[in-house]
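These are the structures, in C-alpha cells.
The two complexes that follow have subunit A in common; it is paired with subunit B in the first and with subunit C in the second.
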Partner chain A sequence: MEINIKTLPDSTVAELVGRLDTPASLEIAPAFESLYEKASGTVVIDCSKLEYISSSGLRLFLTLRKSASDKGGRVIVRSICPEIRNVFMMTGFLNLFQIED
Partner chain B sequence: MDIERLDPHCQAIIGQYREMLPVLTRMSEIIPVQIRSFFEEAGIIVAAMEQRVKTEESLAGKLELKGAKYRDLFDLTDILGLRVITFYIDDVDKVASVLERLFDIDWDNSVDKRKAHEIDSFGYLSLHYICRIPESAYYSPEHPEINKIRFEVQMRTVLQHAWANMNHDTGYKSGVEVPKKYLRNLSRLAGMLELIDEQFSTIRSELTEYRRKIQNLVASGDLGEVPLDGDSYRSYLKLNPFGALTRRIAAVNQAEVHENSMMPWLSVFKGLGFKTLGDIDSLIKNYGDAAYQIACYQIGLTDLDIISASIAPQNLCIAFIMKNGGGKAGIKYMFDIINGESEANETIAEMLMEQAGDLPFMNQ
Partner chain C sequence: MGQKEEKLIKKFRGAIRVRLSLILFIVLAMVIAAGGLMQYFYFMKENSDPLAGPVFVVLMAVSFVLIFLLMLGFRRNMSKLKKIASVNEKMERELEIARGIQMSMLPKTFPPYPDRDDIDIYACIVPAKEVGGDLYDFYMRDDKMFFCIGDVSGKGVPASLVMAVARSLFRTISSHEMSPARIVTMMNDSMSEMNENNMFITMFCGVLDLKNGHLRYCNAGHNAPVLLNDSKQMLPVVPNLPLGVMPGMVFKEQETDLKYQDALFLYTDGVTEAENINHELFGEERMLNAFTGLKGSRNHMETMVKAVSDFVGEAPQSDDLTMLFIRYMNEEKPDSTERHLLIHNDIQQIPQLADFIGIIAEEMNLDHALSMSLNLALEEAVTNVIMYSYPEGTDGLVDIEAIMREKSLSFIVSDSGRPFDPTKTEDADITLGVEERPVGGLGIFLVRNIMDTVQYERKDGKNILSMTKNL
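Then we have the complex of A and B:
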C-alpha cells in the first residue's frame, strides 16, 4: 500500500495505491495524520489506484472528514472504482463525502 | 477650537477631561464587552454596537455654548456614548431591561423618544438611557470616579439606525433649512420603516409560535397533522426516529455507528412526495423490515464493522422506491438528490435493482 501526497497551490492531493485493508491502514495512518494539518483547506483523496477498502480504511477517511469539518475545510474523494463506491453505499457513507468522478 | 477662548470654568472642565481620558477610553472598551455577554445570556442577538468618547473639540464646542450649565465633567451625560443596534424592535426593550439590571439608570435624563412621538408624525424613534456603573458591580479605589461617570446608551433597530443616519445626512440636523416637501418625504420613509420594523417583529413572533406548536404536535405524536418542513423535521429528529432501525442494522455485523446529521434526507423525503411527518413515520413502520433486509443482503456477508447512521433513511428510501415501482430511475433520483447528480448513481441504482429480485420483501 502506498500513499503519495502532493501539495498543490489550491489543495493537497493524497493518492492511494493498492489495497487499504487493516494492516495497510495501520501502515499509512501516520501519513494520513499529516493530512489533518492540511484539513483547513481542500484535501483530495485520489482513489483511482485504490483496489479495496476495509472498515479500518473507512475510519481513516472519516477521521480526515471530521478534521476538515472542524477546521472549515473539505475532503473530496476522487475517482473511486465501482466496488469501493459500493462499499461507501452499503455502509451509508456515500452522502458524507464529496465524491468526484 | 482654541481652548484659550473658553472661560476658566470651562477650561477647568477640559482639564478634568484630559485627566480622565485614559479612564474613559478604557471604559469605552470594557463596557461593550461586558454587556455583550449579558445580551448573549439573555438570548438577544445584537446587530452592532458602537462606542465613542466625546472628542475634546466636540466637548469644547458644547462648553462654549452652555458651559455654565455644568459644574464639572461628571455633570455631562454624554461624555461616553454607546449605541446598541438590534435587528428587532422588541429586542430594544429587552436590551433596555438588561441595562436596567446592570447599571444605575438616571431616569430624569433618560428619554424614550418612541413615547414622545406625536400621533401625526413619524421619525427618530430611539430609546436613550443615561447610565452609571454601580459600586456593587465594580469599584476601584484607584479610580472611584468611574462610578461617578455617566454615559449614554442609545438603543435602536437597524432600520431606525439607517433612518437616523440618512436623515442626518440630508442636513436637517445641521440647521440648514430643508424644503417642506423633502421633510414630508423623510417622514413618509420613517413611517414606512416603522411599519417594516413592526412587521419583522410580528413575523418573528408568529414563527416562534409556529415552531412551538409544531414541537407540541411532534411531542404528542400527532405526526400526520404536521407539515414536513425544515423546522418540523428538525423537531422530529430529536425523537431519534431512525435510531431503532440503525441499531438493528448495526447488529448485523456488530458494527460501530458513525452518527451524522439526518437533515440532508429532508430533500429526499420531499422529493419522494412526502407531505407530513406522519408520512416518514409510516415509512419507518411499513418499510423498516425491508430496509433491514437490504442491509443484511449487502453487508451481512462482509466484515464491514462500521456504518453511518444514514444507512437507515437510505435503505428505507430504497425499499420504498423498489416496492412502489420507482425502479432504477427512482433510485438514481434519490442518490442524485443526496449525493449530487452523477453517472455513477445510475450504476449503483442498476446494481440495487439487480439485487431486488433476491430480497424477500420484493416477493411478498
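Then we have the complex of A and C:
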C-alpha cells in the first residue's frame, strides 16, 4: 500500500495505491493524519489506483472528513472504482463526500 | 533394551569370567602343590621320618578346608550367574509386555469399519527392535477420519515412551479439534515443553471428510505420503518442523479433495531407507513402482511389504517399518466442498484472506465485484475476532472455513478467545451527518449488508460466527 501526497497551489492531492485493508490502514495512518492539517483547504483523495477498502480505511476517510468539517475545508474523493463506490453507497459515505470522476 | 542395561550386564559377565579363571588357576596351582607335597610326604615315609604321620594329617586338613572354601566361592558365583540370567529374562519379559502395550495402542483390527463402504483402510508396523518409536493411528468422529503417522527420533525404550505420549496427545487433542494444523500445533506445544532429552517426532496428520472426500492435512517434518489417483505421485507438502523442536510454532495446513477410489499411502522412513546387503536404499522410486493397478488397501500393503523384504533380502532390518493405506470409497457426488485457512491473531495476517478468497473465487467462478465484497465481509469478521476476542498480548488462532455449495457460499470463523458476539453490536446509522457520525461500528454493519445470514454461537469454549451468501 502506498500513499503519495502532492501539494498543489489550490489543493492537496493524496493518491492511494493498492489495497487499503486493516494492516495497510495502520501503515499509512501517520501519513494520512498529516492531511488533517491541510483540511482547512481542499484535500483530494485520488482513488484511481485504489483496489480495495475495508472499514479501517473508511475510518481514515471519515476522520479526515470530520476534520475538514471542523476547519471549514472540503474533501473530494476522486475516481473510485465501481466496487468501492458500492462500499461507499452501502455505508452512506456517498452522502458524506464529494465524489468526482 | 537400553544401552545402559546392556553395558551393566556385560560388566557383570566380565567380572564373573575373571573370578572363574582365578578359581581355575588356584585349583591348578593346588593340584601342582599337592603333587609336590605328596612326593615329599612319600619321601619322608620311605625314610621312616617320625613326622610323617602328623604332616599327613595337617596336609589332609588343609586340603579339606581349601576344597570347602573353593566350593563355597564357586557356589556364590554360580548363584550370581543365575541371578543375572533371571534379571535378563525378566527384562526381556518386560520388554515383551511393553511391546504388547505399545501395539495395543494402535488399531489393528482390519477392516476396522466393516459396516462402512466409504473407506478402505489398512496399516502395519514392524519394529526393528522389541519396542520402537513409530506410530500410526486413526479413528472416526462425525463422519471424519482422523489419522496420523509418526516417527520418533532414536530407537528402543526412550523412543517408545515418546511414541506413547504422542499417540495419547493425538487422541486427546483431536477429540475437540477439526483442523490438523491445530492438532499438530497443540501437540508441538505440549511436547516441546517437557522435552528435556531433545527427542523429536516427525508426523503427518490428516482429517478426511467421508461425506465429500475433502482432505485437510498438516505435515510436521515427515515424509510426503504417496497420492494414488489417476496417476501416482507424492502429495505436495509444506515440510514444517518436526514436533518437539520449538514451542509456539504455527504449522501450515494444506488441503485437497479425494475422488472415489483415490488413495493415500503413508509410511515412515523405514520403508524408503530400508537397506539391502550392499547398503543401497529402497528409495521413493522403488516405492512408487511397487504400486501397480487398483487394488484394495490390504493387497497394496502386502505388495509393498513384499517389495521391501525382497529388496532387503538377508540384510538385518535397520529401522521400524510402518505403513498406513487409506482409500476413499464414497461414490456419491459431494454437494459441497470446503477450503480452510488458519491464521494467528495478528492483524498482519489479514492479507492472507485476499489470497484465500482468490482461490475460492476461481473455483466457484465468482465475478470481481462479488469476490471483493466477500473479501470485505470476511476481513471485517476476522478483524473483529483479532481485536476483541483475544485481549492484546495473548496468542491465539483464528480458524476460517469456507463451504462451497452450488447456490451458496458460507464462511465459518471460529476462535478460542473470550466470548464475543459481534452480532450484538448496534448497526451504524448511515443517515447521520458528518458531525454526528461515529467513526467506528462499520465492520459488523458491512458483514450484515454483504452476507445474507449471519449467526453467532458460543460452543465448546469457542466463538463461532457463521455467515452465508446466496449465489
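Convention: the second predicted complex is superposed on the first by the 101 of 101 C-alpha atoms of A that agree within 3 Å, B and C clash if a C-alpha of one lies under 4 Å from a C-alpha of the other, contacts with A are read in each partner's own complex, and residues count from 1 in each chain.
The rule we apply is simple: a contact is a pair of C-beta atoms (placed from the backbone, for glycine too) under 8 Å apart; a residue touches a chain by one contact, two chains touch by 3 or more.
On a predicted model such as this, the values are computed, not experimentally measured, just so you know.
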After lining up the shared chain so the two structures overlap, which partner does A:63 touch, if you call subunit B first and subunit C second: first, second, both or neither? second
Tell me which partner A:82 touches in the superposition: subunit B (first), subunit C (second), both or neither. both
Report for A:7: first if it touches subunit B alone, second if subunit C alone, otherwise both or neither. neither
In the superposed arrangement, which partner chain does A:99 touch: subunit B (first), subunit C (second), both, or neither? first
Which chain makes contact with more of the residues of subunit A, subunit B or else subunit C? C
Check whether A:26 is in contact with subunit B, with subunit C, with both or with neither, and answer first, second, both or neither. second
With both complexes superposed on chain A, which partner does A:52 reach: first (subunit B), second (subunit C), both or neither? second
Go through subunit A and flag every residue that touches subunit B in one model and subunit C in the other. 54-55, 58-59, 62, 82, 86-87, 90-92, 96
With touch defined as at the start, can you tell me which subunit A residues reach subunit C in the complex? 19, 21-23, 26, 52-56, 58-59, 62-63, 65-66, 69, 82-83, 86-87, 90-92, 96
Per the touch rule above, subunit B residues touching subunit A in the complex are 255, 258, 260, 264, 295, 298-299, 302-312, 314, 335, 338-340, 342-344, 347-348, 351
Which of the residues in subunit C end up touching subunit A in this complex? 347-348, 350-351, 354, 368-369, 372-373, 375-376, 379-380, 383, 428, 430-435, 437, 439-440, 442-443, 445-446, 449-450
Touching residues (chain side subunit A, partner subunit B) in the complex: 54-55, 58-59, 62, 82, 85-87, 89-96, 98-99, 101
